[in-house]
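Chain nomenclature is as follows: A, B, C and D, assigned in order of appearance, with residue numbering initiated at 1 for each chain independently.
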Amino acid sequence: MAQLPSRWYFEHITPSLKLVSELTKILYVGDTKYQHVEILESVPFGRSLVLDGRTQSSEADEFVYHEALVQPGLVALEDPRTVFIAGGGEGATLREVLSHKGVELVTMVDLDQEVVEVCKEYLPRHHQGAFRDPRLKLFHQDAGKYLEDHADRYDFIVIDIPDPLEAGPAYLLYTQEFYGLVRRRLNPGGLLVVQTGPCGPMYHRDVFTPVHHTMSTALPTVAPYSAHVPCFGLLWSFILAGERYDPFSLSPAEIDARLAARCVRELRFYDGVAHYGLFNVPKYMRHGMAREGRVITKESPVFAP
Amino acid sequence: MAQLPSRWYFEHITPSLKLVSELTKILYVGDTKYQHVEILESVPFGRSLVLDGRTQSSEADEFVYHEALVQPGLVALEDPRTVFIAGGGEGATLREVLSHKGVELVTMVDLDQEVVEVCKEYLPRHHQGAFRDPRLKLFHQDAGKYLEDHADRYDFIVIDIPDPLEAGPAYLLYTQEFYGLVRRRLNPGGLLVVQTGPCGPMYHRDVFTPVHHTMSTALPTVAPYSAHVPCFGLLWSFILAGERYDPFSLSPAEIDARLAARCVRELRFYDGVAHYGLFNVPKYMRHGMAREGRVITKESPVFAP
Amino acid sequence: MAQLPSRWYFEHITPSLKLVSELTKILYVGDTKYQHVEILESVPFGRSLVLDGRTQSSEADEFVYHEALVQPGLVALEDPRTVFIAGGGEGATLREVLSHKGVELVTMVDLDQEVVEVCKEYLPRHHQGAFRDPRLKLFHQDAGKYLEDHADRYDFIVIDIPDPLEAGPAYLLYTQEFYGLVRRRLNPGGLLVVQTGPCGPMYHRDVFTPVHHTMSTALPTVAPYSAHVPCFGLLWSFILAGERYDPFSLSPAEIDARLAARCVRELRFYDGVAHYGLFNVPKYMRHGMAREGRVITKESPVFAP
Amino acid sequence: MAQLPSRWYFEHITPSLKLVSELTKILYVGDTKYQHVEILESVPFGRSLVLDGRTQSSEADEFVYHEALVQPGLVALEDPRTVFIAGGGEGATLREVLSHKGVELVTMVDLDQEVVEVCKEYLPRHHQGAFRDPRLKLFHQDAGKYLEDHADRYDFIVIDIPDPLEAGPAYLLYTQEFYGLVRRRLNPGGLLVVQTGPCGPMYHRDVFTPVHHTMSTALPTVAPYSAHVPCFGLLWSFILAGERYDPFSLSPAEIDARLAARCVRELRFYDGVAHYGLFNVPKYMRHGMAREGRVITKESPVFAP
């Protein structure tokens, strides 16, 4: 009889739902000034980054998350040259951005230098050397403070930060105030993308619909989309927003042509067809958005459960 | 301090991956002639049917699974009147079929009468009384044998059976021989739909791609699609097939118009927009299908891990 | 391949240690005025009573717990006729007491009538009909209040209540004040026994040693002992106390002779030999007791972690 | 809210019972020629050695196991000078043996050199440098073969090997043949001790009672005893055997005097009182032994479940 697996990682999706994977290595465990950090390795997911007990991404499926987060926005823009990334410590969001050869400058602001150092060392398949690209300017401070203090504008702004946990540092970047600030830092025609938490049938009202409604009060166009990222255990949501954005203005073939012309990496999840899969979201998500009225502000935050 | 939950249901997605939910009730546990049957209730999913240790559907998200399984095919057909269901013991596939008022006759063949009786009693929110509809003819025998023995033809055939487990009774209905038989039982222009197992980044080659390839050897057109069903813990695949079928021949508005004209229930997951989300599958699924060469036959079966 | 078990009960021994058993039935779940009550059935333990998430006893090993709790005291007494039980809702402590034919009157005070009713219905192998014995007088109120209000004295007093959880109703019965009160309710030569929580190498200082020290400030003689009760996941402690008590004053043969003369049931755990196993506790327990200085009072309670 | 623990080690006590501890480090995982080896660290137990999925000992409670295994036999012997250890890779059995200053020569035969090397490196608190003691002769081969090939005799023989798993290398050392061989390798008056698996109410008939009965067919005196070792999750059994041995021939004070005179370490679990706790085993164990008739031979082995 083969031995039963005995080491397990429990991802606490909610207090009543866990995704449990066979653990092979505990590569790093530590506390930074801001959060609890783990680099774990499991049979189904390979290496993953876990912050405050929540998986941020894993080797097995980070390509779904990071391509979905970055590629639709970059492809939609006519000629994106300057990109701002808030968070993204694994370096995989950066990797996706840099894969577009037209990008000339990436300003990445991740609060937690220690997380970035840990990812550099333990997650080489995530960043694939992106941190050494000369187009990168990397800062370690609060992304909101950076954007307040620097009036630079960008073609594309990516908010790749943890869910708005009550205990964590991220929740202030899910507010109306922050989205208003971001809007002022976009070049004309520029786009903003945000990862906005789970959006499956049971949990889309926890974070996704209030963030969607809040963004819609701060920016003229907001386009939600969803993808299944297995290590999160749930369907995941994203919102792309700007002065005007129509996710269906380019045909699948046009998207593929832009990728062929601009992107130097072979993508694994995203292309023209997958784009239409992303943005045609289930009816229950649209129903939830239509009935949502909460506006998230500093004074009335919303926390992930 | 609130008490920690202490009763848990472990869904064994793979030997190294589990979806774990807080268990509130064990409503039924028993062994039929064919399989181990459980009706469980959990905090995140409500009541669910578990066969041989695998969740078949749950109250919280069965609407995603059953609408995705049934509605695209019924909507695509010009005037579906006769439907054959293999499996579907919960009665929710039947419920979806009967929601189309043009349907005149449903022949449902589920091997396991005991499962159907248990579902009738314990899963009223699934079947919603569908078993009492006079359009239903219900038989309890092997669906393959029934189709062999009866030359009736159908507008729509739905294969809603468990995954092809080595120990279970279902694997013979995932073979080239079976799909050839089903093709001969379709009316001209008729359609077949099959639930075809997980299709996320890590597991789509286990069952989905070989079944897809096998179906493509037996029917002229095969259209794969995917949806996230939380209680399965993974992205789930379906394949709609027939003499000819183009999932994009109807616009979202045309799909909505057909639903409005034909379907007497308000759907929660499926409509014209969701349809485009279903059929525009991720690139890695298409990549996996393109490289798949296995043809499943009785002599060379493929089993879910 | 046999199906893996999928339903599990997690006993939270500590936040970092769980005893996990395969769950077969959830017979009862409810909240009384005082606590959360579950009657569960598992493969290793059969039926068990769980209060506020802590197993109180199980069919498979309650004989160890209840014989260890009751028999040493009854055997030590010359002619025990009147017994007071605080708690003991399962009725198994009562069963052990009534097994001594010389016992004429048992006053049992369990705060929670609903728990007793649930146990009567679901735990017949525990109580074995003891609640119908005419020697029993059963009251439902706080045992401390009852003893304050009634000046009756007893030959033997058994404190069979849950651990002193911060949230639960029991902690006030682990105080110096309470033990002083109990002493005044003992007949001359009478004995008191208390279940006093885990006492294995890692956890004996949490509850056992402070309770031991507290009892030693309230009663002249305190004799600790320990037994392994599997469903608790740890070695378990008890303390027998009185004006004077020497656990080794009777030889094993004398204990067996008293049992043969007085006890109408065949015991499964306890006899003269087992008695010597109980009271000769490990060195680390004696070391822990020797270094303990905490006295538990209403104003300075000690809680189980 | 403090973060819930997310990394867990599952000790598979039986298919239906697990002891689950919070995992802090995976220090070593590997396969030797003979078995799967893990060195893990958990919150409740510290570092532990796990062979083929079974915990052999842990820092938090190995003192109970190793003192219980070694000290009663050494104390009982008049003047033990030569000791043979089969297994004992952690080096803690060796440490206990060497703590007796009269011991002049220890022959330790552990099949698996790699396990010993791993323990030397990762379990310093177990061996405490014992492997460097000049009184040790360490061999890596089958202990049964060694005893067959070498006619040396010993004052004390310790069998400290894994449970008789069907897949593992140990089961042949739980046979009548082996115990007969061991008897021929004892000096006059010499003693043998064996760890003999779980002996709680539910599992003592799996390994303990058949091994006890088998030993009783091979040696004139067999004295079983039990101790609670938390990391095993169950009460644990040992058997001390020889031409003649009476566990109660020395009083507690005499045992303490012998320890004071001979043993250079301060013990934490064992002394004269604890000795009487060990050997006065529960009635159900004696009842199980009395009804046991199985004799384990090479042709009719007994395996741990």
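By our rule, a contact is a pair of C-beta atoms (placed from the backbone, for glycine too) under 8 Å apart; a residue touches a chain by one contact, two chains touch by 3 or more.
Computed from a prediction, not measured in an experiment: that's the story for all the values here.
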Where chain C and chain D overlap in contact partners, by chain label: none
Minimum number of chain-to-chain contact steps, chain A to chain C: 2
When chain A is superposed on chain B by its C-alpha atoms, the rotation angle in degrees, nearest 5: 180
Length of the line joining the C-alpha centres of chain A and chain B, rounded to whole Å: 32
Length of the line joining the C-alpha centres of chain A and chain D, rounded to whole Å: 53
Chain B and chain D: spacing of chain centres that average the CA atoms, whole Å: 54
Residues of chain D whose C-beta touches two or more other chains: 5, 8, 10
All touching chain pairs, where touch follows the definition stated at the start: A-B, A-D, B-C, C-D
In the complex with chain D, residue positions of chain C that touch it: 5, 8, 10, 14-22, 42-44, 60-61, 63-64, 200-202, 226-228, 230, 233-235, 252, 267-271, 273-284, 286-287
Residues of chain C touching chain B in the complex: 1, 3-12, 23-26, 29, 36, 40, 50, 52-53, 166-167
